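After this come two complexes, each holding chain A, first together with chain B and then together with chain C.
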Partner chain A sequence: MNEKIKHTEPLIRISKRDDLVWWKSWLVRVIAVVLALVLCSVIIILITGYNPIQVYLAMIRGSFGTNRKLWIMLQNLAMLLCISLAVTPAFKMRFWNIGAEGQVLVGGLATAAVMFYAKDSLPPFIMIITMLAASLAAGIIWAMIPAFFKAKWNTNETLFTLMMNYVATQLVSFFIMIWVPSGSSVMGIINQDSQAGWLPEIFGQKYLLNILIVAAVTIAMFIYLKYSKQGYEISVVGESENTAKYIGINVKKVILRTMGLSGAICGLAGFLLVSGTNHTITTTTAGGMGFTAIMVSWLGKFNAVIMVLTSFIIVFLQRGAGEIATKFNLNQSVADILTGIILFFIIGCEFFVNYKINFRTGHKEGK
Partner chain B sequence: MSTAAIELKGITKRFGSVVANKNISLSVQNGEILSLLGENGSGKTTLMNMISGIYHPDEGQIFINGQEAVIASPHDAYDYKIGMIHQHFKLVDVFSAAENIVLGMNDGKKFNMNDVYARVSQICEKYGFEIDAHKKIYQMSVSEKQTVEIIKVLYRGADILILDEPTAVLTPQETQTLFKVLRRMRDDGKAIIIITHKLHEVLSISDRVSVLRRGEYVGTLRTADTNEIELTEMMVGKKISLNIERSEPHDIKDRLVVSNIQCNSREGVRLLDNVSFVARSGEILGIAGIAGSGQRELLEAIAGLQHIDSGSIIYNNPKTGVQDNLRDKTPIQIRDLGVRLSFVPEDRLGMGLVGNMDIVDNMMLRSYRHGKGIFLKRAEPKALADKIISDLQVVTPGTSTPVRRLSGGNVQKVLVGREIAAAPTVLMAAYPVRGLDINSSYTIYNLLNEQKEHGVAVIFVGEDLDVLIELCDRIMVIGGGRVTGIVDARNTTKEEIGLLMTKTDGGQTNE
Partner chain C sequence: MLTTIASFINAAIIQGIPLLYGATGEIITEKSGNLNLGIPGIMYIGGISGIVGGYIYEYYTPEPVAALCIIIPLLCSLLASAFMAFIYSFLTITLRANQNVTGLALTTFGVGVGNFLGGSLQSFFGKSGSISLLTTGNYYKTPLPFAEKLGLFGQTFLSFGFLAYLAVIIAVICAFVLKKTRIGLNLRAVGESPATADAAGINVTRYKYVATCTGGAIAGLGGLYFVMDYIAGAWTNDGFGDRGWLAIAIVIFALWKPDLSILCSFIFGGLYIICTYIPGLSSASKELIKMLPYVVTIIVLVVISARKRRENQPPAHLGLPYFREER
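Moving on to the complex of A and B:
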């Protein structure tokens, strides 16, 4: 044998591990959050010199500090959750719908259009129903176009849905230009005086109706995916298209139907944003939530109930970041760094839940 | 005793809580062929993957020519002159044989393709290979591809060769040719390890045989001193009888009449060419052929999953006496006609079952549409799952375990159990015992025989010719998408079937 060959065992090896007991996997996650907070503290001290405990308390106050902040947090949570619920059936089918942003936007645009043209000519109830129908239809159409091409010619849905986002943004700009003749390209509050087409306040809370609607959608989605025949078909198509064909599922139909549902809920989100929240439309009405929703959905493992928790984490971090940026007069980027670190640890710790690291143990003798 | 070419001492490998190899020690001398025998899942491939640098042992040592070796990557393995021929070939289709042989090699010298051809033909001459080094891989037959793989490791100077189930894809004739080459390499002083679970091959090729069972080392015997019965006992751990009880078919009726069907792939490649046959109730029709000769397409065409260009598939309904043409019908339409067609596809977890779903949800695949309403009813499939688990002795922690976590044999029991539960009149099974241990295999054979006795028309696509001959009533041989012959299984030989498998011109029926 060639004497020169001298190989050493690799220092680190990674191996898959079986399911951890539930409390151990949660322990890993808690440790990850603690470590993230420790690292953030170091960075806070190094960059700003503030007391990290103070900063963390401010973060919590960002979401829970006052009644108003609590409601805003819940409203943001509801909207993010709503869009996350929308993309979930598509993702479960392995249809990478990254076009939620655009689907929300066209839904909002349809709502705004009805509000703009109908003004206060319709009775309130009819008005709301018309707006809702228009926004659902817009969302469905926007989602069905890439689904149709996917089902018919197997086009790449990732690119297609992404491109549709840009079209939606341009469409909104276009209509704002038509609706606002002054050329300021700012829509302003629609129906400011008549409040026609505004979702009503209930129990004196502006956002409560939004939140209740999303709560209903959450429960419905959980049941739909887990207990309905259609939800079962979505799982089968997502897991294995071959199996779906083998048992006679019409795969094209399921793709179209599921994306239709996905688009409809995005349309609903657009409706809630325009009619129930902003009462106006801009090109940033969706505010990137269409993309954040993807993360929420994945982190929640496509389970509608767990997604309540994951969207809370995201919204909590965003609200907290905004709070410390203003309270401590920090650059927004510092806050973003901190939320980035925390998210990195939360997502990264899943690796340690699923894999085990083996270090070189030196010389090993068999019996 | 001279120094062993390769020696393993106390090798242990775990995957999570599963122990794939437990304290295994064995050795191979230069100029020797060692068979590594064991059922599927006994840890043969895992052990060999550690020698070829794909896995790293958790415990134990490997000695090459008496020196301790650490093999951390396939590249290290080449440095130790170890070459592995995998069950699934690792070749680039659009490259020629010679290009594949030198792919990834870098000895720092100037590269000259002519030298490569010269050395390849040298190797071929020395060991008796027949190969055209200029031919592209995609134009090659399976056995030619295997030859390229073997030359590839010899070209890299391997002295220790490991072959993982090399005969699984070969006809009996090709197997004989391979064995001739292996013997020459042995006589040239190479150390050869051949992984297999076919006993007669072990006996004909090897000098010694080492047996593994459930990851543990059972023992090593000199091949000359042992026999099939003893080896089976070592492999399985208990005495078992290896007889398939074939009953005489009775009450035979033509159930499925396939006439002149033609299928083309989307690219226009002919998949099935003028295929005609009859499947009869109360009979097992075997289908033999080299892998990829159109077996899958044929079954999928019958099941409504493959577009048919011409021809007809007539089903005689035993209840109504009506004749239906199944051509151009979807699986749902076929079922709506009252055709009780069950299909155990080759790809169990990719087609027959959903790996990530539990047993109950997999039972539901066939029946979830039943009943009104938009919600699933899990009570019935749950009862079916419990019944199959107890009837077929499926080893599982429970009905809510994802089926991908079950062993191959148990996965197959779940699938076959579900398909039989539908009380079929036609049962098609593609390679139903592939990867199964001996006990599970015989469970499946018995189930097929039971179905036959119940008057089901069984179509069985198999790869082990010995089993086909013992189990089936008639055997249809296909080659290149054509029927090359239909023979009576009671009066045929492996050699006759082997010849039909490689026959390329159209066939006549000699029943």
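Moving on to the complex of A and C:
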């Protein structure tokens, strides 16, 4: 009899936590990042033999060292944040849009197309408006296709949007081949001389306008998700589709509308990347940010303000690791390794924020 | 004409083999309900760990033995890819993290490790230039001994290294296990409805772990085939390209059936290179043709969701977490 009771309670039991005090949950996350940095240091010592503290200092210099580096970092931060904001409403609805990469690309492609065909025939203001409208439309279309089938037949959106990325990539290389007569696969700067369709510099800073636009989008998204009726509908559909149906929310409409919004912001990101940053288009214009954005958004708990922080962490890591790669003569891919390790730790630590581990206590039932 | 077709089929099969490994691995993984988007990263790891194993062996041995040349990279590749899949399993199954986010992080990490080691392995050993493991590569490329004697047929279908046949054999075994054995039945139950499986006494956690790690190991072999056989013991950064994602596309195209994935992989392999075999194509239309595999996959995905035939659906619990306490 006694034997039986001994085995009724397992050694470890996991239960859901009630909401953890905010500082405790952040403490868990900070510990996770510190542990990740320790592991990264071990790896850095093992493969390079350099002092990891020096390596980390070099990373900080790489992001903040000079005015120019700081602006580049802010620009990268703004772009990553913009795409993360784009995927957030869809995620909140539990619509796994991993097609941001493609949506950004077609947005950029639309901008590039307007720049390429219109050259300097339009007045600057109308030119910019046309480009913006084309980008938004392209992004919306690219996002609405999977959303339409999701709403109609419940087609798996993760796989659908993933495939749309590569269709977009090929579409871009197709147009580059058409636009570049020499058959070279590099587009080159569009409208180099006239600068038609380039977003203007303000206060002498090339990237400031991009950053301000993204800041505005961040605030708007925060308000939209938290205080608007549509934002509330998104949360309800995400929590439980049946509840949403029961209280009279048109789920299909919400899916289409939210994905349209998601695609529009991706299109905006494509516009900013082509018109405001690179002035050209390549198949790597989105540069994997569409995928990184998913992690940023998820780590930021779908909260637009926290996402500023999470995208900063990612951009800082990438810029910093790029710097140490050059400085210590390592391969640039070190950045991806460090990012990966830190992401694993942050992803893993959420478990300890959400769940409690109960070890077997000495008390036995019936005693 | 006949030789062109034969060489096209041959090339399509060569291109299809890494995809087949990736697709078989991902099917096994997805059947347990885990959508592992880390497969592209795992395939990079599978390739680079084979290279590292072979490199160290060739570096320290003046006269490498054929058997060890094959076994060492093979084991390194299997273990490293299974370990990557283990990281994914630990995060998503035990720590209950989101599958998409974990998978994408795994891909970032895997591609990073692959390109880092591939780019710097030579300098670690005080050499310069790119990696070249000709001896090991040659052992991997050795075709069946009687292939030569069978003329065009032999050249087309039998001129591959052993990893190519292994890919087909593994896919057939997986199909058999999934369809005909109790283990396969239990695994499918876990992917369809883990709560039901749990209630029936199946150890859901163990099935998910084993399926995901086995799937990862199989997928990693695709990377090994690519570096050892296809490019003969060399490494180019990002050389593997987007084949990992193409493998995930094949899973859909093959309707989550490993036996069908053999044919589908060769079709996708053919689509991957068909543009070089069609004469008179402009470079722009070549790019459009490269779009085909993805467009076809999308169409298949839409059609199966519209027709709603039960046997062609993705596992019902694909991508969703299962926690016994939450229902």
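The working rule: the second predicted complex is superposed on the first by the 333 of 367 C-alpha atoms of A that agree within 3 Å, B and C clash if a C-alpha of one lies under 4 Å from a C-alpha of the other, contacts with A are read in each partner's own complex, and residues count from 1 in each chain.
As a working rule, contacts are C-beta pairs under 8 Å (C-beta built on N, C-alpha and C of every residue); 3 or more make two chains touch, one makes a residue touch a chain.
Quantities reported herein were computed from a predicted structural model and do not represent experimental measurements.
Student: Could you say whether A:170 touches chain B, chain C, both of them, or neither, answering first, second, both or neither?
Tutor: In the superposition, A:170 touches chain C alone.
Student: For A:15 in the superposed arrangement: first (chain B), second (chain C), both or neither?
Tutor: Both partners.
Student: Just to be sure I read the superposition right, which of the two partners does A:340 touch: chain B = first, chain C = second, or both, or neither?
Tutor: Second partner only.
Student: Just checking: does A:51 make contact with chain B only, chain C only, both, or neither of them? Give me first, second, both or neither.
Tutor: In the superposition, A:51 contacts neither chain B nor chain C.
Student: So, A:230: does it touch chain B (first), chain C (second), both, or neither?
Tutor: In the superposition, A:230 touches chain B alone.
Student: For A:326, select first, second, both or neither according to whether it touches chain B, chain C, the two together, or no partner.
Tutor: neither
Student: Quick one: classify A:284 as touching chain B (first), chain C (second), both or neither.
Tutor: Touch partners of A:284: none, neither chain B nor chain C.
Student: So, does A:153 touch the first partner chain B, the second partner chain C, both, or neither?
Tutor: second
Student: Of chain B and chain C, which one touches more of chain A's residues?
Tutor: C
Student: In the superposed arrangement, what residues of chain A touch both chain B and chain C?
Tutor: Common interface on chain A, chain B vs chain C: 15-16.
Student: Inside the complex, what are the residues of chain C that reach chain A?
Tutor: 35, 37, 87, 90-91, 94-98, 100-102, 104-116, 119-120, 124, 237, 242, 245, 248-249, 252, 282-288, 290-291, 294-295, 297-298, 301-302, 305-306, 308, 314, 318-319, 325-326
Student: Contact residues on chain A for chain C in the complex?
Tutor: Result: residues 14-16, 47, 96, 98, 149, 152-156, 158-160, 162-164, 166-167, 170-171, 173-174, 177-178, 183, 185, 288, 291-292, 294-295, 298-299, 330-337, 339-341, 343-344, 347-348, 350-351, 354-355 of chain A touch chain C.
Student: Using the touch definition up top, name the residues of chain B that touch chain A in the complex.
Tutor: Where chain B meets chain A, its residues are 9-12, 15-18, 23, 25, 56-61, 64-67, 69-72, 76, 79-80, 303-305, 330-332, 335, 343, 345, 347, 349-357, 361, 364-366, 368-369, 374-376.
Student: Which residues of chain A touch chain B in their complex?
Tutor: Against chain B, the touching part of chain A is residues 1-2, 5, 7-10, 13, 15-18, 227-230, 232, 235-236, 239-240, 242-243, 245-248, 250, 358, 364-367.
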